[in-house]
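Both complexes shown next keep subunit A, but they swap its partner, so subunit B is in the first and subunit C is in the second.
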Partner chain A sequence: MAITDDVLVIGGGIAACTAALSAAETGARVRLLAHKKSTLRQASGLVDVLGYAGGDGPFADPFAGLDSLPDGHPYSVVGEDGIREGLRIFDEAVGDAYEGSHTDSNALVATHGGTVKPTARYPESVAPGLASASGDMLLVGFEGLTDFDAPVAADHLTAGGVPFDVRGTTISFPKSFRSDAKVTRFAKALDRDEDVAGGTVRSVLADTVAAELDGADRVGFPAMLGDDHDEAVRDELADRLGVQVFEVPTGPPSLLGLKLEDMLFEALDEAGVRISSGNPAVDFEANDGRIETVLVDQKSRLTPYEADQIVLATGGLVGKGLDSNREHVTEPVFGCHVPHPADRYEWSDSDAFGDHAFARFGVVVDDQLRPTTEDSESQFENLRAAGGVVGGADVAREKSASGVSLATGAVAGRLAGEEASQ
Partner chain B sequence: MTKSPSVLVIGGGSTGTGIARDLAMRGLDVTLVEKGNLTHGTTGRMHGLLHSGGRYAVSDQPSAKECIVENRVLRRIAGHCVEMTGGLFVQRPEDSDEYFEQKLEGCRECGIPAEVLSAEEAREVEPYLAKDIKRAIKVPDGAIDPFRLCVANAASAIEHGARIETHSEVTDVLIEDGEVVGVEVTHKSGSGPYVHGQPGEVEEIRADYVVNATGAWAGQVGDLAGVDVEVRPSKGVMTIMNTRQVDTVVNRCRPKGDADIIVPHETTCILGTTDEEVEDPEDYPEEGWEVDLMIDTLSELVPMLKDARTIRSFWGVRPLYEPPGTGTEDPTDITREFFLLDHDQRDDLPGMTSIVGGKLTTYRMMAEKISDHVCEKLDVEAECRTADEPLPGSEDFTVLRDYMDDFNLRSPIGRRSVQRLGSRADDVLNSMEPNPVVCECEAVTRAEIHDALESAGTDLNSVRIQTRASMGNCQGAMCCHRMANELAPEYDEPTVRASLDDLYQERWKGERHAMWGEQLSQSALKHMLHATTMNRDEDPASADGDIDFAAFDGGAVTDGGRTGGSNGDN
Partner chain C sequence: MSDAESPTNPSLTPDAQTEEFEAVDVFAESTDMDLRPGADNCYKCTACDISCPVAEVDDEFPGPKFQGPEQWRLKRKEDAAVDDSIMSCSNCMRCDDACPSGVPLSQMHNTARGEYVDEVMEKFSREYIRNRILANYGTLAQLGSMFPRLTNAVMGNSLVQKVNEKVLGITAERDFPEFATQTFREWWQERGGPQVRSEDKRVAYFHGCYSNYNTPEVGKAMVRVFESFGYEVVVPKQRCSGTPMFANGMLDDAKRAAGINVENFAGLIPEGYDIIASCTSCSMSLRQEYPELFDIDGIRDLSEHTYDALEYLRIHEDIESEVREASVSDQSFAYHAPCHGRNQGLDRQAVELFRELDGVEIEDVGDSCSGISGTYGWKEEKYDKSMQIGADMFDHMEHAAGNVGMTECPTCSMQMEHGTGYDVKHPLQLLEEALV
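What follows is the complex of A and B.
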């Protein structure tokens, strides 16, 4: 017998989690169908809403840029209210673990590449390191971690005009690992405060950094200061150093992204959302313009999932919510229409940071966030889309990725929940 | 004591570096100038086939014979650049039996070991060959790394006293009293031991003899000297797959045609190629249909290529040459032999010779011939030793080792590093502590990056071609910035940033030819990492105008004070 729910959300990233939480708020019975690990392990863990649009930016007020966005942008469908709805759900889901909700303004966060970027919400561990706050900064990198070169990042921040002194230093981690050790191995050593010559990992690290402090008000490390006991690690280092300690968000594997994923799934549990994970949705059965069943590939056996309303939040090209071959770009689960140039050489720009058409690939939605056909008719009356699978936004250049996921997730989830409850 | 005669070699490809090594070993005073980095021209843009000679066994037997001789020499002197994969000429049902027999006979006439395999036997060697193939001929083709080969030749030349100058473009050929007496070079930006001039500086380099070894660019250098060198540059596309669908060089056994070879190379396979004459070796169209042709035609031999993932495509230009008046219309019919053009005999311009045509597999033989010629001109009596003395990295070397014990590297990383470095592995891999992995796709450690930087200066594209860092599946998404970081502290932050941008844009250029399916997902991820996570597209350090930092959120006020810095909120 099929598994039956009011709302079935397909996907496992920010948009899917937000849609599920939003739908659950309406009182609907909600299930999240996640295939595999989300792309959050590749994301910095920062929650951007809008930093740049129409050649302007960085915006201190993310809402000020909404009017400059191109037609068909998902923000123009959900509006400022939708964005605020998404942020509210996010703030409630993560609680004190994130900051930024005290103001509408964007913060500027130092990236591991030495630039600054406008973002709306940032992890607690990142907060003391804002580039839009003053206080002289010392950045600390480790010889064995090549992703973050603290002196280069510090000089780069200075070249970008940050309003404080920033220096960088590279030190040996108190414990040596194999050459290809990943950031998680460093975090574990700090979590467990492993014994090393001269003390423990935390105490020896603090002693080494103290010698470099030279009047800095705050000290930043790549985001590897503990995994399970991150707060204890930061507190101990801050105590020993007598200054604020913060983390600089990094690329994959991103501990901050993974922690965000954990928090979102905890919030789903608390909201009573049922979770089925590990298998992909591969097909569906529809009747009279309504999807009746979503078929999930469970070890080559197709298992039916029934729901009154469906939210498609499988991600964009990165999350494989969109697929392509040499001629076509497709949405593989429901076959939704994805507009794209016929010549694949027009999918990208010759400048690596140019205006890439692929960045805006995705399904086209109506004002109810329902994917539409080539003729602008809604494809199925009970299917909505959220997050990266929705086209029209160049989230990378706009710095709007998480915001688009939150806003479309919140609105799609609410509409689905409300309709299912009718 | 008299000063050794001096020779100036133009061109830092396989031929030029081979000549520099040969002449330096013979005791001459050699200077080599190259306008880009080593392998900047054709050498850096080929499919890496070490010919057995089989490809030319019917159409061009003199070339075929040279190939098999040099194939054996290179296995001896350049072991760390060569992977002896073996090769197959595969016949499909629609391919002619007559040609198959001619190929077999031709191989035997040229001294190329050749063995006929049944379809079943061929598929035992290469299981992904199409089910309907008819039979195959097995020959000793292999794969060769042209980058490593050039760098090793340059290193050997320097060991023997040569001066190598990259990023130095010849802007004039100096002629006095009707004789070439040197060149004028203009130095460009670039740094490291191969660069001695300042950007924009013009230098006259005088020499007793000048060798033009610029391949497809030989006509342009000829123009500077007022002589005609009729090279016919011909472009070819090469498409790189993300994995080795075949471990043997697979050739189509038919007379000639586009898209008829697959060369396994390191972690990838390279599909090739086309043959189309172009006007300018630096400015020609690179088009999607050429990529499609590779995939569609070669999947007739290996059907799984149809849906396999490609990671990028690139084009190279062959320096084809034929004597004036030959009048061959189709570039595929132009001989692959090389020609030595003595401008004294040919144009009444003593002091300079051009070398054109030929191919990578025979680079050493070409270098020997022209070095003999130069020595004769300069009255130097010295024997060529390049066929006997191994290149640096290919000296006697025991490959069985415990990577974990020797280098503190996990086995796959250690194995790949040692394959690339050959006999230099101990010196290089033990030079850094700690020695983290910088490029995970290709298993390149910091020590190897720094070893390459010694000759590359700030040119990360040169580091890339020496080490393969950023050439794997992710095309540098994870490692471009890490590679750039290794430039510090020797170089300052703006240099690190500029070098990163160069490498990143270069990677993007080739990736665009592979942007669909898995690789489009990969490119989208790369875009997210560099634009979203690092915000490199809106870098305030490179942008006009200042940011009003005070207008942004400076952190919330909580019980114990602000969680951000000490002030700055709105």
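What follows is the complex of A and C.
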């Protein structure tokens, strides 16, 4: 006996969740097999589709940039319809917590470094801080929270020519923590509105910022304004300050990424997707070109999982869906073909922000999103791939990571579900 | 692969290995285990720190990233003792589950804690004596259960509880778990051992201390369920799995107990037995901590053949169909997944299975830690933090439809009962009701 389902999705990030939701829509019985906490907790929580391609950009309309993408890009496999399918699944999963679905156009989100990122969907808490919105801006950072240097971010935005006034200030948080306190500690203090000298964390914070306001129309804080009660925290601060309050997406550990992960897993639960997490898929058994069993390393022992259709959504080099050593780049679970230059000095460009070959490493898929062999034949008839493990996109330069995951996840999941239900 | 992972870097010829190359000297040290590759795998993403339930409520606790890879490096320095904050780690092992980069955090914590207790902690201190008592609950329980009614009366006496708190530092806030009037092993003897014999379906039951002395109904449910599937169940002599000893840095005690357990269980594996535990901390210990911490002949074999009871049935039997065809009287549960079950990837299996059972409503009360973490919440100075960690779980339990709790872990069960007043069942008890 093995643990048996119709569709088994391997992975735990945006692509895997989207694939599982998409497969569940077809009526298939779906299981998500996630290893560790996903890289979403290191991601900004922003959902991009396409910002730059072929030397052009930032695009006001991400769909207008599709023609500029190189051959073999995942978007050319799934097409505009695939991207829209992915965005629909995302919008339904997160509901009101995200904005941006009212338009095809990219929003410009100010990042914690003071750059501007073209983004298709963004958390509700980020919305008032869009660089594409008007109103003078005050950015507030905290001493001891080194991830966000508000004055530098403000200067950077100003240098980038935003059409409003931006200032940055660094204040001390109303409650003092140990010097390397986690962002979650700040968030919890605001959640619970803990008592401090002169009032509570929220009231004293508002008083401190009010003194710095000087006519600003909106105030941005690093994304740590509460965890479980974030809306109440923002509302109270906005109310006390009399201006709009927003969050600036920050680096890891990213509360916005964590919240997105929670929302996606809640959506999976609601869709009836079964979830097994904590252990990696490491091996498989195949017969006659079909994967029959996926083997999961459950604390040094292999547990078998069976499904009619499999979706591989284990991520790229960071998510460990791809592995590399000094000679080779490999896909470690199924040994799918990952094309790469024989000479590893050709894997990267000498310019740190240059056009790196490694950024596009990944499996090559056919029009059914099935990984192919060196001879361009599908490797297994019941295996599809989605997200970062699929090659051909330089998602960091294109600003397309989430979109590629959503689009390939939606299409791979739907195809797998339809085939399993037949 | 980082350069540091290959100790035989050809560019470091013997001539080049002067004092400046301290990193190379590390490999020359003869230690039981080399944790360096693990330390080097850490890229400081802090996923472990934000998953740590203790760091969330204890501002003094620097978190797993410090306790693991950073402390490991500091210890390389002469004159750097292990920091006493290691004793505030509750050994929930959530950091293991959080790490995206394969850092063996709990292994690092366990070794650092062992070293701290061995080398730094005063052996006549109240803390040491208290921790030693808590860590050796099995021995305590063995004595206590000889006269269960008397022990229950004494331990339930509020004066005794006050004395325990003042003298030993064991919190008076908690009621000491009651001993059963008949232990599981006594029951097992009385029924004459196995009722089913089989050549090819054989399991050896690791009941642990708690289902022997305190909740024998869990052990009985295990036996009846497995026998109903045609398994021959044997119950070898056993000692504590070691979980409370690891959490208190009592590695010598743990190693002694492990030696006995390996001796009594590993020999059964060639005869076709797999090892089944009903407590997720026991299975965690046998599966992960044993091979990580001790080099005992047969210990890896034992690790690879140990299963949680429900996990085993899901893999080896079509338990889902059996449960779907069964029914029980209407009941509703608030289920909490223990951290040690979560870390084995077992956190969803009970809810997934019992959703199929006619008459049962079951709701997961969220992914927070219960806060008791074995002995942690019994320590007087940790009690408040333990309750703060558990607050989320209590809250979710009260909002869940069910008014009976469910969990696999005996101490989570104590905490659930303590925080809400609910009765708490083990999944095997419901499975017994449904299938036997």
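The definition used in the following text is that the second predicted complex is superposed on the first by the 422 of 422 C-alpha atoms of A that agree within 3 Å, B and C clash if a C-alpha of one lies under 4 Å from a C-alpha of the other, contacts with A are read in each partner's own complex, and residues count from 1 in each chain.
We adopt the following convention: contacts are C-beta pairs under 8 Å (C-beta built on N, C-alpha and C of every residue); 3 or more make two chains touch, one makes a residue touch a chain.
All of these numbers come straight from a predicted model, not from anything done at the bench.
Contacts of A:Pro163 after superposition on the shared chain: subunit B is touched, whereas subunit C is not. Contact with subunit B, but none with subunit C, is seen for A:Asp155 once the two complexes are overlaid on the shared chain.
By the touch criterion stated above, A:Lys117 is placed in contact with subunit B alone, subunit C being left untouched. Of the two partner chains placed around the shared chain by superposition, subunit B and subunit C are both touched by A:Pro252.
In the superposed model, A:Ser405 lies in contact with neither subunit B nor subunit C. In the superposed model, A:Gln309 makes contact with neither subunit B nor subunit C. After overlaying the two complexes on the shared chain, residue contacts for A:Asn325 are found with subunit B and with subunit C alike. In the superposition on chain A, contact of A:Ala43 is made with subunit B only, not with subunit C. Once the two complexes are laid over each other on the shared chain, residue contacts for A:Ala107 go to subunit B alone; subunit C is not touched. Ranking subunit B and subunit C by residues of subunit A touched puts B first. Applying the stated touch rule to the two superposed structures, the overlap between the subunit B and subunit C interfaces on subunit A comprises residues 39, 42, 178, 180-181, 252, 320, 325-326. Against subunit B, in their complex, subunit A makes its touches with residues 39, 42-44, 48, 51-52, 57-58, 60, 99-103, 105-108, 111-118, 124, 127-128, 130-135, 143-147, 149, 151-152, 155-156, 159-164, 172, 176, 178-181, 217-218, 244, 249-252, 316-318, 320, 323-326, 343-345, 347-348, 350-353, 356, 358-359, 395-397, 399, 401. By the touch criterion stated above, subunit C contacts subunit A in their complex at residues 1, 45-47, 49-51, 55-56, 59-60, 62-63, 97-100, 287-288, 291, 300, 303-305, 311, 314-318, 342-348, 352. Of all the residues in subunit B, the ones that touch subunit A in their complex are 288, 292, 295, 408-410, 413, 434-438, 440, 445-446, 478, 481-482, 485-486, 488-489, 492-494, 496-497, 504-505, 507-509, 512, 515-517, 520-521, 523-525, 527-541, 546-557, 562-570.
Every residue of subunit A that touches subunit C in the complex is listed here, in rising order: 1-3, 36-37, 39, 41-42, 177-178, 180-185, 188, 252-253, 258, 274-279, 296, 298-301, 303-304, 319-320, 325-326.
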